[in-house]
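What follows is a single structure, written as structure tokens, with notes after it.
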């Protein structure tokens, strides 16, 4: 085994030497640490494919400052400890840019570990790009120069969602169901607090938590929803948990609206089909109307090539990173990070900004509902989400408690 | 309140029957051969995947019959060429073998069908409501599942009590050597029983796949619970396994439905505590996943032969 | 020279530990640290199974609980060092594995008595129940177990021993080297004590040991505590290495890993689990870079060992050692060599089959890409090669079988 390690090391040395001697600059590599196997792979795989798809397109435009973009996937099986093992592997492999999104539990471990690594290895710093771990503390109490978040956090989304709910007089009894960990608890807490402020007459008739990724049969929870007489359900469930929750609801003919953060998780639309029309609502960075022909074409191409639908915010993230790298004239982590702070970008949804004070992206957000006979359906069907409300970046913003320490 | 009770009962019974289908095969195998087949839940998973794959070509009902047969063949092969060889090395070696087998089957399923759940669903007409109670539909499929489980139990009872083969099995259970001396081919009987037990697991998979999601992790989720059923019911007792399955199915479902916390329960008997404290805030719903294992540990400490067992492990 | 003979393995091991970092590259250190943890874990498991005859499916409970004890202690050290006073301010991180040991042993002491009445299947079942109980119970006490996120800490706190600040994985290596040496020495010494010998006796003939005055239950209980303590020690090492502990460390998968490592290495020989830990850890971490089916290969190796080589890899090593000792190697090695060649042929056939199936089902194959080979699943050449390899292996085996038997 020592021999194997020795050989491997020798080979990598030779390769590196070879590459360094080549005329082209070295490729810039990004490690995606996400569940690539297991039941939660349904959210990790599309991210990997989207990154590769966008990387191909950006490489044709010259990559980042001339460096070719390469995406390397690391499977963490949604486990925080395994994620740190993969992080160390990526770092040992020479990768300095880490991308992750699924699970604030994993995000928390990565954030803590990367902070420690950068402190202990000042000449070898690593940057963490987060596209989906939206537990609010990462850009508030725990904010860090090395972390950038490319999705509206849970509080921001709940703020917009509750604004919308407040305007709707039909909603009088709300049922909350969430995963039992920091993110799910944040969703529930924000919902209760904001609803109380905006519509004190609304009654919370249920607030349940279930273990993350472990429940296979949601029928007991559905029967609780039924017996509570709720007229709307709010849930932050993602991955397998939203798939099965919606599946169970449609199986039992429960027809109250579900306001979800992740109703467009792959698999949900196929499970629910017609029974979800006008019932499943989604708050997200884009919608399924695809009024822009260029973006519509990308959706079709992506689905044909990879079998997954377009993942807008992941694509926007990579494009913003490219813009920052081009602006900084370098792919050195600290320089790129500095250029990313305060960067403005025009995405398919509108103007977005990476707020410098807390590294939280400020972007337009949409509430949409599942409809049939859409021009560009998701998951190979005719169903997709149709916009019912839009918030621009200013309306989406929330203040921050971040006091960031920056490197000199 | 009433609708919660009615639906929880129905769901609890359904889940319990599914557990029974799985554990009946395991009980048979254990009683006959003294082998606790760790890979039993993996055969369950194979049943679900085969039914899915076959169903794509021949339709739901033919797949329902074919998939368990296929699983039975695989089980027989495993017994003949794997288990029999390891049998000479003792019980520990057998357990290690079935453990490794479970591992390998899980990974093979991963290899063939990928890691994302497959869309194994019953035909459209079965997804309609059998009846609607309190505004909630109970699908035809669930009703069919219950019928199949009950039918299977009846068939099993008939097989064991009323047929010649059943008589041989019951005899070999306690007096294996004598049965051999009387001229019956005991190794072939073992192979048949192992295959049959695996077929039962496969049937459970065919039924359970649409209910509980067909994905490579399904064996790991149900595996330990099936062992609990066998041990709690009493190793060697089919009736015990039946009662234990229903008990666990109902308990788990009711615990989730009636989400009382320890504070609530204490409040019922007059003690008032902080409802959000870490210990007092523990709800029955969060205890639900632990219920089978609490039962297991309690039974093994206080009544090791299980509810209705005669053989002590 | 013969005075040193019994100490030879220890001196050699010491030399290997001291020289290892110089021989292998920097990135290998992370894997080596993990191997050290696994060596202690697997050896502690063998105290129960190989030496005591008690098959346990819940061993990770002690590992995990010891790990949690150590990480809470680490946090206590951090807090006390910051405040400048208190017991923990003077407790070095270096000694945290002892805290892990205490944690594991305490749990084993508390729960062990009712478990140890019977060995065999009943013991296996009850430990399965315990393991799952602990694993699912962690969700109920988030302040102790951290919920999905786990508990994290910083190891660079408190008094520094031996100049080890534990910043880089390379520093942690010396910490690991010390503890793995100490733990292996302790467990080996245990086998030489009367208790160690009695546990072998209880494994082989419990009724007889009862007759000579040593109740099997008492012996099993004491061994259970010792084994649980050593597992907790491994957990303490893990806490320092990862700086995070999650409920996954207690899971059935982790317990299974201990079993696989001990069995593959060889249950009946003391250093068997050491070999098993090295081989399995390397397979798990290195193979996954080259092939998607790495876990399948580990499972197949385990199954093959259980079916065909019950004394494990160490058993094979022992056979070679015995032959050397008895000067029989000269006549045995041709048979063995050809047998090994046959096994290699079969392994190649198996790998080729698995990768071909992968290619068919998933469209691309990692191993082929890594080796730069063009694999075509439709071509008869590929399948023909499989058949040829199988035949060659079979032929080699049969031809030399008689030779091996004659010289056995």
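Letters are used for the chains, namely A, B and C, taken in the order the chains are written, and counting of residues starts over at 1 for each.
Heads up, the rule we're going with is that contacts are C-beta pairs under 8 Å (C-beta built on N, C-alpha and C of every residue); 3 or more make two chains touch, one makes a residue touch a chain.
Keep in mind that this is a model prediction, so the values were computed, not measured.
Counting only C-beta pairs in contact, which chains form the busiest pair?
B-C
Which chain's centre, taken as the mean of its Cα atoms, is farthest from the centre of subunit B?
If we average the C-alpha coordinates per chain, A ends up farthest from subunit B.
On a C-alpha centroid basis, what's the spacing between subunit A and subunit B, in Å?
So the centre of subunit A lies 37 Å away from the centre of subunit B.
Between subunit B and subunit C, tell me the centre distance in angstrom, where each centre is the average of that chain's C-alpha atoms.
It comes to 31 Å between the two C-alpha centres.
Multi-chain contacts only, two chains or more: what residues does subunit B have there?
110, 286, 289
Please set out, as single numbers or ranges, the residues of subunit C touching at least two other chains.
139
Going by the touch rule set out above, which residues of subunit A reach two or more other chains?
Each of 180, 211 in subunit A touches at least two other chains.
Using the touch definition up top, name the residues of subunit C that touch subunit A in the complex.
Its residues touching subunit A are 20, 23-28, 30-31, 34, 139, 147-150, 152, 154, 156, 167-169, 242-246, 248-249, 278-279, 282, 285-286, 288.
Across the complex, what residues on subunit C touch subunit B?
Answer in residue numbers: 49, 53, 55, 114, 117-118, 120-122, 124-126, 128-130, 132-133, 136-137, 139-143, 252-253, 256, 259-260, 263, 293, 295-296, 298-300, 302-303, 306-307, 310, 354, 357-358, 361-362.
For a test of understanding, state which residues of subunit B touch subunit A in their complex under the given definition.
Contacts found on subunit B: 1, 3-4, 7-8, 11, 15, 110, 115-117, 119, 127, 129, 132, 134-139, 211-213, 215-218, 221, 253, 256-257, 259, 285-286, 289.
What part of subunit B is in contact with subunit C in the complex they form?
36, 82, 85-86, 89, 91-93, 95-97, 99-101, 103-104, 106-108, 110-114, 220, 224, 227-228, 231, 278-279, 282, 286-287, 289-290, 292-294, 296-297, 300-301, 304, 312-313
Inside the complex, what are the residues of subunit A that reach subunit B?
36-39, 41-42, 45, 180, 208-211, 214, 216-217, 219-224, 226-227, 240, 243-244, 251-254, 267, 270-271
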